[in-house]
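Below is the structure I would like to discuss, written out as structure tokens.
Letters are used for the chains, namely A, B and C, taken in the order the chains are written, and counting of residues starts over at 1 for each.
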């Protein structure tokens, strides 16, 4: 029997010794000095075609691989839009014709020069492809039929754009900074066209831009890597390679950062950020982003359509409590639909958590005995926590709320089909102009079910607002910037009083990075991240 | 599957052996084919009744109604169900699972990319499970009712009872975060990515082919923890089954005979008894391997392991029907084939099953 | 996690037991068996521990309102993420300041509900399919077993996920989905048992006396299948709890604020590095209960396996 015992001992000791003898023990690892490694959630990227993509991680990519006619300067975002591939522009007397003068001497990664023809091709491509983000450009009246006249390169250096009516120039130019207005290499893309798809199938997994980086490899839901393209017209590019790795878990991102296996972690939870505060190898940089967290009440619901009930619910949100606890550092209380830093921003916070006031309002509305209501929410952690906090505070006024969580697509499906009571969710602006949010929160030209204006939040909530719709339509045409800003402030003040929306918070992004990383700019509330100014 | 096929063969009685074999083979193939078609059908059905909108997954939140309807038609969703299924069957037959809406790539290509990651992990886990599970099972059986037995069984039951996502998180925290013995989430340190050319898709093998030992050891450091955790589960199952097979063998007469004949205890146990146990054990190992090849969703989520389990789950949650169908079909096929293989092996080796 | 019905072990023992008993005294024999079983359970410390854990779970579920120190969903944002042992919070508090101990106590009800509902649906359905297939044979057998194989070939968690995705998230649907994925192994066991019982002499005798198929199946075949099913169910319980927890972990099981243990781990994983207890406490609870069922199942198999009593 002795041999069995020795075998047992041998098995046990190997099991114990195994990890020790393996050559894993790494010294404090560090990423190579000319490489930027980022942990981020990038599972929302479906396509790398800049004229098709529409999610955060996608626009981050586009901002570094493609250039636009009008750009933002990462060194000074607050100065607004600046000349990009177009070195200058002029607007006609009637405000409908924009003439862009192209910057010369810039080439695409393929070596082809960037010309007005490429710009013409790119913008027409957006219109013809009709992908989701195309509305950002087609709202100026472009369509497949008229694009030959409305988007035109008169020579290699001049692009002329004609809109259907007069718009505020700031509005038009802001839209031209969006990822969807990226200029692609028309020769390269045309080589890959298939069955009139404008090269869409090819560009989904390849790059053809003039930006600081070109794409080396993309593994969906896993990672993408970029390579510096050589001389970049906007400045020196220190990081020769950028790898963005999809890491879903905050704790995993933090471990990787602590170990020095990544340079930047972009999705840390407030608790993990707090846990890192004493680590001197890392630093935290806060940036106000454009995302607004809100709840909305379906006006088809007989109870929720009572104005006093709507008002009462706005007093049943523990804004400060949430901001100070599970949202700490990553959301700030904000009660208007335009993000702070936008033209026309409104800082007023008329609502606070006040159960007595809410109860009084409910009694006035004839709902003093409370009622039952369903909250629908995506199963993303902070949203579920917000929903649970709402459930708790609603209950204090006798309102019994049940929570239904689901995947993004499930919940969105209900929301778009007006099949819900209260929605807990977020909205991010599509382009850095106040019209982006005004158009969705406070504009609803046709409230009928048949209208199917599913892109507008006001329609989804069956909120019928002819007067406010007229005001938002007017604001977008106002050419005087000061007057225009005031118009948005006024709209938001009224919105705060009557809307079945309760904007609650604005997102603060906490990017945590190794102490040697400098110049990492996530793009604030108006644009996406810039990799090329980063040094370390 | 052993039972159905076995009795079917027996019932038919006295036919010439070669003919019998051919018929059994044909029957087996037919039943496998039927199972596969059934698998396809159920998967297809699940995909179609899901209340998640596959169109929204493509067009996104801001899409207008016209865009929505165009995408709806381009997906073929306006066709009747049976037409959709028929189109699906026809394309699957030629290995075309369509495009994934989530990755904008052909599903077949996606599966070829993610499956090797799972294969690598499952294989290593099974090796760990066999190397530790079999000896532990034998020891447990030999010492039946005494402390080594209790120890081994308890160790196995612990493995069975641990929530994998919890042990995964804790393992990552301790062995990577605190001790730094192993690599972190993912298959490689991120800056090693895209360096070696993919041949098999399994980094351990590819790095050996490329002769890059730095990357090989880096890959080992990343795979060892998830493989050990999955291996623990496999070990728990294998040691439990080995133990009961061994107990059965050890009570047989030939063992007594062998002992009486003066064979050493070592020879009796490790050569005779274990030798006979090997056959049913193959089935057990194959089954455990098949289960691991399905991709352990939770382990893959925790370790950011881009395997088939995570792929199917993501696809499912975003209503990427083609990807769900493709992934499930591949996983189901692997399961059916491994089962078939172990059945055949069983029948060839074991005289009683013939 | 594993699917193989290890029928090889129980079947010959059960057959031996069957053959040694005259049909007339079967009930009595089984009672004796049960009593002996209890004696053996007492003699098997591991199984007894398992049994006691299950009893404790049941008691915890029954007396939850008395054992809990707070309302399981009462929030206090000022008292969040307190470590275990803080005043008034034995196991600490979670991300919304809820008492973890109270949530675990109330969560035992959900776990028990999942376990009970699955245990009364999946094996019953499997028994029905298995005995029908085994008893009738022929094409019915072929068809039923093909269907069983199809379900068996599906990845379990993925199949459950698909069902939940189709039916909508929620605890009831999660239970239904788990049952739908759990029945095939039972069908196989029941079929194997039926095949051996069907050919037994005493069944032929009853059949000659004019008993119908229904009578034979319900009165003679089903009772014979029970003990191997019970062992299997007990061993599977751990897997069922873990699957339910896995669904909860992926956000598709119980809906907030239900204190389902898997969902609690899922919420707590965000804090695993600094506030380890938020995920660990429910993790330990799941582990303990799973271990209890495993220990009991393992012991039950020994007890119900007559071959072992011979040695």
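Following the convention adopted for this analysis, a residue touches a chain if its C-beta (ideal position, glycine included) is under 8 Å from a C-beta of that chain, and two chains touch if they have at least 3 such contacts.
Composition by chain, UniProt nomenclature: A = ABC transporter substrate-binding protein; B = ABC transporter permease.
No experiment lies behind these values; they were computed from the predicted model shown.
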item	value
Chain occupying the most central position, where position means C-alpha average	B
Chain pair with the higher count of C-beta pairs in contact (A-C, A-B)	A-B
Centre distance in Å when chain B (ABC transporter permease) and chain C are each reduced to the mean of their C-alpha atoms	23
For chain A paired with chain B (ABC transporter permease), centre-to-centre distance based on mean C-alpha positions, whole Å	38
Distance between chain centroids, defined by C-alpha means - chain A, chain C (Å)	45
Set of chain B (ABC transporter permease) residues in contact with two or more other chains	51-52, 169, 173, 177, 317
Residues of chain C whose C-beta touches two or more other chains	165, 168, 269, 272-273
Touching two or more other chains - residues of chain A	249, 251, 255, 407, 410
Residue numbers on chain A that touch chain B (ABC transporter permease), as the complex places them	1, 3-4, 7-8, 11, 15, 19-20, 22-26, 29, 31-32, 35, 37, 39, 43, 46-47, 54-55, 130-133, 135, 204-205, 216-217, 219-223, 225, 241, 243, 245-249, 251-252, 255-256, 258-259, 261-262, 407-410, 412-413, 416, 430, 452-455
Touching residues (chain side chain B (ABC transporter permease), partner chain C) in the complex	1, 3-4, 7, 31, 34-35, 38-39, 42-43, 46, 49-52, 150, 153-154, 157-158, 160-166, 169-170, 173, 177, 233, 237, 241, 244, 247-248, 251, 280, 283-284, 287-288, 291, 294-295, 297-298, 309, 312-313, 316-317, 324, 328, 331-332, 335-336, 339
Residue numbers on chain B (ABC transporter permease) that touch chain A, as the complex places them	51-53, 56-65, 67-68, 70, 100-105, 110, 113, 132, 135-136, 139, 142-143, 148, 169, 172-173, 175-177, 180-186, 189-191, 193-194, 217, 220-221, 224, 265-266, 301-302, 304, 306, 310-311, 314, 317-319
Chain C residues within the chain A interface of the complex	73, 75, 77-78, 80-81, 95-97, 165, 168-170, 251-252, 255-257, 267, 269-275
For the chain A and chain C complex, residues of the former touching the latter	249-251, 254-255, 269, 271-272, 274-275, 318, 321-322, 324-326, 379, 381, 384-385, 387-389, 391-392, 402-407, 410
